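Please read through the structure below; I'll follow up with questions.
Naming follows writing order (A, B, C and D), and every chain is counted from residue 1.
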Amino acid sequence: MTETFTADEMMSVAAARSLTNGSACFVGIGLPSTAANLARRTHAPELVLIYESGTLGAKPDRLPLSIGDGALADTADSVVSVPEIFNYWLQPGRIDFGFLGGAQIDKFGNINSTIIGGDYAAPKVRLPGAGGAPEIAASCREVLVVMRQSTRSFVESVDFISSVGYGTGKGDRERLGLRGRGPVKVITDLGIMEPDPETCELTLTHLSPGADVEQVRAATGWDLQVVADPTVQQAPSETELRVLRELKATIEGDQA
Amino acid sequence: MTETFTADEMMSVAAARSLTNGSACFVGIGLPSTAANLARRTHAPELVLIYESGTLGAKPDRLPLSIGDGALADTADSVVSVPEIFNYWLQPGRIDFGFLGGAQIDKFGNINSTIIGGDYAAPKVRLPGAGGAPEIAASCREVLVVMRQSTRSFVESVDFISSVGYGTGKGDRERLGLRGRGPVKVITDLGIMEPDPETCELTLTHLSPGADVEQVRAATGWDLQVVADPTVQQAPSETELRVLRELKATIEGDQA
Amino acid sequence: MARILTLSEAIAELVADGDAIALEGFTHLIPVAAGHEIIRQGKRDLTLCRMTPDIVYDQLIGAGCARKLVFSWGGNPGVGSLHRFRDAVQHSWPRPLEIEEHSHAGMANRYAAGASGLPFAILRGYTGTDLPAQTDSIKTVTCPFTGEVLAAVPALNPDVGVVHAQQADREGNVQMWGITGVQKETVLASKRSLVTVEEIVDELTPRPGAVVLPTWAVTAVAEVPGGAHPSYAQGYSERDNAHYQRWDAISRDRAEFESWLSREGLADRSAR
Amino acid sequence: MARILTLSEAIAELVADGDAIALEGFTHLIPVAAGHEIIRQGKRDLTLCRMTPDIVYDQLIGAGCARKLVFSWGGNPGVGSLHRFRDAVQHSWPRPLEIEEHSHAGMANRYAAGASGLPFAILRGYTGTDLPAQTDSIKTVTCPFTGEVLAAVPALNPDVGVVHAQQADREGNVQMWGITGVQKETVLASKRSLVTVEEIVDELTPRPGAVVLPTWAVTAVAEVPGGAHPSYAQGYSERDNAHYQRWDAISRDRAEFESWLSREGLADRSAR
């Protein structure tokens, strides 16, 4: 029996599947936390969750509502200071996966979470800002981006570079001295984009079940490259869906 | 009744008396630790003892045998890492008093604890080295030096500057950017020397009971300046002697 | 030795118009009551420093206390935008707000440099982003051993650092546990410091993961039970998530915000 | 994930001739048994790093394992000199010993930079002393904000970092408490790491003041009860002060030292 599922659920499941067991993952709140906790409860029981609030190896029994949730500290192997989490744990490249999102992304995976429109001093919309993203993007071994896809968010050129993907193309990360591999996957509600090995341009490699290439192109603000025969992602399994929904249920009461 | 006491006991008592109640003191093992613990048990019950092993506010019930003694960690307000003790506590100038000793001292309070004779690559005698002294000498608000006086140790010129007193004279600390006041007292078994306000040259200001100026001059390797009428230090009180001897007794068993 | 004061005495004595102040607490232990007292006392022209300005900074900005914000992420965690912050940046309401924007790693290292008595800190940070072009306090230094170029940020040494903790003893020694963020650095970096606590106890019992600030490193302690609400104090209270949700509606509209200020008794002495 | 090995397996696998190794532990928790195993296995040409080389380093030097010593204070704490260290520096016995000498603050910051993935650290240090003239790894940098000149020291990233802790669990998570010195930094700065522990337990119980190293940050764990003797492991053993006293006599004389090596079974494979 295959249950019906939403595009957002597919996105969470795809993000969770990208995390390998035993790896260490730098998690932000929202979709990344959902994905990481889903992975830990399905195929990756030994995934190490690291939150920028300083919790190393958190094993929350419910979805945390903020990166400083008490459930994280209570269940962590160790809680360290914020300077330590950035200096001793993130900066040296010890962390396998970092999750990022943002308001805009361009075809080289550069992300904007700072301003939209106008200029920096007088923006049309002032967003929260970069937070931990510049160094997560630089230092995690691999970056996973999770964002809903639309022409508003997938743009030819971002209004502000809050965190660097591949800069202006292949070789830029090396020139800049960034040591992590950069955004190896951009996971959306419509599919998955990965950097082209030759150009580092984000290229559609996987479609969500039910989505087609034209639909993804129409939701992308640049002329999206597509691999010859994009794989259709496997639909969420019954277990994945059940665990995902259980996790989500743990926060709905609080957020009502 | 005045008991008899040794010159070393007078030196410990004089060092203890230099510590004001409520101040914070960076303590090394040996005479400084004896003096600081004596002060805490007599006139300065709220003296904060800080050991470079990371113990803040240690209140040992016996004389610790090493700077990493378990009695220090057990009784401290907080135990922090060694990088933190140097970076967050010593370096910013939070600590009122630092104690130093060494193999040689010159008339400007520069101290050698590195080598004697020969040159650095092939010394006649290799000493343990500077340890925490360079930064204690630089950053504590005031430095107290405690050393037995002899022409071997009080020399015209030290063989190696392990920690800086007043450099080559008045104004040098400011030129070097050292922020603490430097060695405000050199306490020996024969008396106390203090920097001359005009020249920063160490000048005999206090005599130990029973010592005279000629004796101190004879034990000094430079032409020692002496204030007009050196004060004779008050002999150790009965309480000071009793507490000092009790403290010493706590370690004798172990060291036998 | 820290003095034990009431919150209103402490704010009156420690915070002056024009000061740079830092209220820190990373989601947990946010000193919200102290922020409200600053609004109540009508402090003005403050430079507000905080890694994650959240609703208490939204309130300070909306109430017109701030001249400048030094920060790395300004949002309502788990909810969305800070509308008073946006209104100040986008429309200069109630007054223009200068901003000095960093990343989390940069801000954390600025506090650590401040606590260490160093003029600056180095990190692998900001590379390739548009932040250095907008923020004067991001520069570079070259490693004298390897020739590598690293980011440099200046020490942050606020005039006043304010944090909330679970406990202090009667001598003013402070203990906090759970997520302790950048609070030790904030207190040690600041010229003066205030710790609000859930309770003052006879003796601090050592706890796993606790950070202890000795009394001689703290200027003042004030007992303010619930002083972190709507954030939480582990062992004392839970995060009030609904309050964060409600703030979104209250703060979207200027009039709604001003009536909130009045309702909370925070508008009296604020002279906008 | 850390692997649980025997001490001899761990040293054989992790330490190669010519490696830079750091055995840390600030008076407390000194990994002495690991040092003896290194002597027993006849490792050679090692660069030995340690803030306070004490009797275990005196033994390694006397046994001819070391080519170079990186340190800040080389004495027998509470007793006096290290005679094998002195003999090596003063008379090149049993072989010449290159030295790289720092202050404690410099060494602590070198490990911290190493743990942080930075090429160097800055500190207010060494100013006016004769150390910078003798030590190539002390340079200066200028603050790009204030123009102040500060000391710079390169990161220390040993090939192998060895520390002793009270406990590990069966997954290789490590917990140590009491004075924890620079041990976390040593493990994080090193390419490979070995933690010897008093005991392996089913579960680590959180303790006040404990430092926890997660298993994925450690290469190997070996159960070595009493592995810190003659230093101590808080909660397990007391410091053996008499042993430090006795070392003075044993180490003063080359023949006496060599007979000690034999007595302890440490001379067999050492080919001086």
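Simple rule for what comes next: contacts are C-beta pairs under 8 Å (C-beta built on N, C-alpha and C of every residue); 3 or more make two chains touch, one makes a residue touch a chain.
Given the structure is predicted, the values throughout are model-derived calculations rather than measurements.
For the interfaces B-C and A-C, the C-beta contact count is higher for A-C.
Centre-to-centre, using mean CA coordinates, chain B is 40 Å away from chain C.
Put simply, the C-alpha centre of chain A and that of chain C have 28 angstrom between them. Chain A and chain B, compared by their mean Cα positions, are separated by 57 Å. Multi-chain contact residues of chain C (touching two or more other chains): 117-118, 123-124, 148, 184-185, 209, 211. Of all residues in chain B, those touching 2 or more other chains are 78, 87, 91, 139, listed in ascending order.
Taken chain by chain, the contacts fit none of the simple shapes, being neither an open path, a ring, a star, nor a full set of pairwise contacts. Here, these are the chain pairs in contact: A-C, A-D, B-C, B-D, C-D.
On chain D, the positions that touch chain B within their shared complex are 26-28, 51-52, 71-75, 77-78, 81-82, 85-86, 89-90, 101, 103-105, 108-109, 111-112, 123-131, 134, 148-149, 178-182, 184-185, 209, 211, 231-232, 234, 238-239, 241-242, 245.
Listing the residues of chain A that touch chain D in their complex gives 22, 24, 48, 56-57, 77-78, 87-88, 91-94, 139.
Note for the complex: chain C touches chain B at residues 1, 115-118, 173, 184-185, 188, 211-214, 216-217. Chain B contributes residues 29-30, 52-55, 65-70, 72-74, 78-79, 81-83, 86-87, 90-91, 114, 120, 122-135, 138-139, 160-164, 167, 172, 176-179, 254-256 to its touches with chain D in the complex.
Residues of chain C touching chain D in their complex: 117-120, 122-124, 137, 139-146, 148, 150, 152, 154, 206-210.
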